[in-house]
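Per-chain numbering from 1; labels A, B, C and D assigned in written order.
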Amino acid sequence: MDKTFDDASAAVADLPDGASIAVGGFGTAGVPWALVRAVREGGATGLTMVTNNCGVNGAGLALLLQSGRIDRVIASYIGSNKEFARQYLAGEIEVELTPQGTLAERLRAGGAGIAAFYTATGVGTMVADGGVPLRFGPGGETLEVSPAKEVRRFERHGRQQEFVLEEAITTDYSFVRASIADRHGNAVFHASARNFNPDVAMAGRITVVEAEQVVDVGVLDPDSVHLPGIFVQRVVEAREVVQ
Amino acid sequence: MDKTFDDASAAVADLPDGASIAVGGFGTAGVPWALVRAVREGGATGLTMVTNNCGVNGAGLALLLQSGRIDRVIASYIGSNKEFARQYLAGEIEVELTPQGTLAERLRAGGAGIAAFYTATGVGTMVADGGVPLRFGPGGETLEVSPAKEVRRFERHGRQQEFVLEEAITTDYSFVRASIADRHGNAVFHASARNFNPDVAMAGRITVVEAEQVVDVGVLDPDSVHLPGIFVQRVVEAREVVQ
Amino acid sequence: MNRGWSREEVAVRAARELRDGYYVNLGIGQPTRVADHVPAGIDVVVHSENGVLGIGPTPSRQLEDPDLINAGTELVTALPGASFVSSSDSFAMIRGGHIDLSILGAMQVSSSGDLANWAVPGVAVKGIGGAMDLAVGARRVIVVMDHLARDGSVKLVESCTLPLTGRGVVDQVITNLGVFDIAQEGFVLTELAPGITVEDVQVSTGAAVTVRFPETPVRGCRVAVSESCER
Amino acid sequence: MNRGWSREEVAVRAARELRDGYYVNLGIGQPTRVADHVPAGIDVVVHSENGVLGIGPTPSRQLEDPDLINAGTELVTALPGASFVSSSDSFAMIRGGHIDLSILGAMQVSSSGDLANWAVPGVAVKGIGGAMDLAVGARRVIVVMDHLARDGSVKLVESCTLPLTGRGVVDQVITNLGVFDIAQEGFVLTELAPGITVEDVQVSTGAAVTVRFPETPVRGCRVAVSESCER
């Protein structure tokens, strides 16, 4: 069993138009730069991205946005990503804003076979009640807003509390950046570069790991694998980080 | 910050009658023997245990069962645990049989603030439809059965499928057996002794870790901690495994 | 009952369903033995519910590690490329559809793929364990079992009388008498054990059996315990 | 606006709410600075949403690790006892009620503890980030903020006009003017910044303020940036 591909382009060569892709990374840590760049160099368009913050200014996913390849984003944060904000407000893309913890949990749920779950996060807000703008019109008017979600009471620690139903996310592809991966796809992360990567990996039908270093099977300590190879279909070495 | 206690008895001295306790371990691997023994030596009774298999014949939780201290068990497997089977069939204890994956997920959900979740496991069976005996009468007649649960359709990977609603589990105490723990409660497990231990740890209001070895803070590699200390309130060293 | 394939031959036959690169979970008992018969050139990773991915053979006395067991609580080894995870992560693999194949035992299988293998009313319950998770979660489920129960009653049935483990979950059944796909029309006999006739199968089965042997004898070689079969 | 405590003094005052053994999450911006003022003898573990438990001070140039950042994407260090986890595990800590204290910024806080800090209609949205998770999940939520908005409008209000981040989630507010508990009767002023009167507070607050200074002056010592306060 050897899941390695020659390079990032080969690993995403079959990515079709309209695919959904979950992408790991938070800020500039743990971002699968090489895979994102390979998508940019490839032709796929009309993409849906699931990602915490959709890249930083002028790098990573922000470049995919710039080249008009993304139709829809599920993310928790826009922050100072100017291109992301501009396309959202100009109605060029649809954005589903999700609390960060709910986003991580929805990805894990997708990977773990959970269809939906009840969380307290977002109760009493537009996330549960509906109304977060999904798509703006060219004149800045709101064309579509997020729907109201089911809210239900459960007992937790002996206290009745309200929870909102959130559905799992699965994607066609998932892109992961790891520190070390072996040829079975077992992967290890370093420090806060782990972030969304394991969750994203579980949610993808085809999960591609780019690793700073690819090693032979048997090198990694089975007690210290952060992402077991069962969640990984393709592995590519991407030594340099070129944002 | 130092969460260590002198011994297992000191770490569970405040355990009240009627407490709920989630206990790690699968077979004889990763079982918190010292803490279970300390409960046996203490006086607490009327306990609810959440555990995969409630100990093995003549050891661990089976001894707590034998001494009549357990009223109720949430477990996935009885197997060849004769005392467990006897007490269940004789109506001495109430047993909520749960699929093993659902049990693990309910514990994790409890620890992660998820009130309930939809899983495909158990759909079309007595687990979803109700009817699993919870308590037998002295004559072997069924006194109480599990209730029917909500079943709902969701789309997963583009296909409509049925899922059953399962509620989270939180407990008053959780008992964990680790290989190494530091004084903050950060813990590391070895091989398949990890099993339910991290899930159990998350679900407990007071989580007690017994470790083969307790080390100073700073010894464990932050990238390799399996159970972060935030989930742990008490730590005790239990070098020998006395079943 | 001892007609056709022996239990070990059934395990050998089941092992021929393995494909290179498969992640597989093998149930407690007879299914576990399938691991002993993985065909040459086929690389599979064996998963165990208690959090081991990459189970290897039984250890020699010196290599025994009490912390390294499978879901049947037997001492095992870990192969290169193995990883250890928590129970919730282990079942995320199963429930999330990441296990390519689960091989399970059964008490009854219905012609629509219903599986019953956890409880017999009136008999002390053994518990559910991971069976319901595997039945629903694995991409493909193969049942290996004796064709008839010990008391001679049929196990391949129109409709299960025992409490279900999963509904419409079984893809294939391998018994001592032969190999059965579960298809639109119910049980489809695709292969007979040596010395077994279609009639033998029909009289031992509690539901209609469609016969559809593959035209090309891809599976036509004789199953033997010690030799693996060319494809 | 610059009356009473400076922003740094507010951070110092907030740091006095830390208790030994607390696991705390400090929001982006001013709340992050609370970590610089942990009182002597108090041991806390600082959590960051992006999967770091045990954040230490800003690294020197030589110790910078691009993979080790906080939720504000600033380079940080990890203290002895730290651990790194995935985002779902990190938020399990928050959402599961394992974080003892979350210190957040806010645009508006209502007298029933509603928090608004993520969106202003008509202004480009910054996103939600981890704010909603922290608001609901942390055992105790303290807001640190300027008492008035830049345009002079009130931020402590009867009822939020901005979209909520969480409903009834705030326990305490610390502004440049003083310290407020959120209680049954709404905002309860428990402490005034130096040179500030109750009347100053009342005219700058969009809701009724109950005054209840502690009888024993436990918090009565003057807050200074460079000295920690005896309890």
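Just so we're on the same page, a contact is a pair of C-beta atoms (placed from the backbone, for glycine too) under 8 Å apart; a residue touches a chain by one contact, two chains touch by 3 or more.
Remember, it's a predicted structure, so these values are computed and weren't measured experimentally.
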Chain whose average C-alpha position is farthest from chain C's own: D
Which of B-D and B-C has more C-beta contact pairs: B-C
Chain A and chain D, separation of their C-alpha mean positions in angstrom: 29
Centre-of-Cα separation between chain C and chain A, whole angstrom: 36
Shared-contact residues (touching 2 or more other chains) in chain D: 78, 84-85, 88, 91, 94-95, 97, 137
Touching two or more other chains - residues of chain A: 105, 108, 112-114, 119-121, 157, 189-191, 222-223, 226
Which chain pairs touch, all of them: A-B, A-C, A-D, B-C, B-D
Chain C-touching residues of chain B, taken from the complex the two chains share: 26-30, 52-53, 75-79, 85, 88-89, 97-105, 107-108, 119-127, 131, 133, 157, 179, 189-199, 226
Residues of chain B that touch chain A when the two form their complex: 105, 109, 112-121, 152, 154, 156-157, 161, 163, 167-168, 170, 188-191, 205, 222-224, 226
List of chain C residues in touch with chain A within their complex: 20-21, 23, 43, 45, 47, 53-54, 78, 80-85, 88-89, 91-99, 137
Chain C residues touching chain B - in the complex, by the definition given at the top: 48-52, 65-71, 73, 78, 84-88, 90-91, 94-95, 97, 114, 119, 124-133, 136-137, 163-168
Chain C partner contacts - residues on chain A that touch it in the complex: 1, 108, 110-114, 182-184, 186, 202, 217-218, 220, 222-223, 225, 228-231
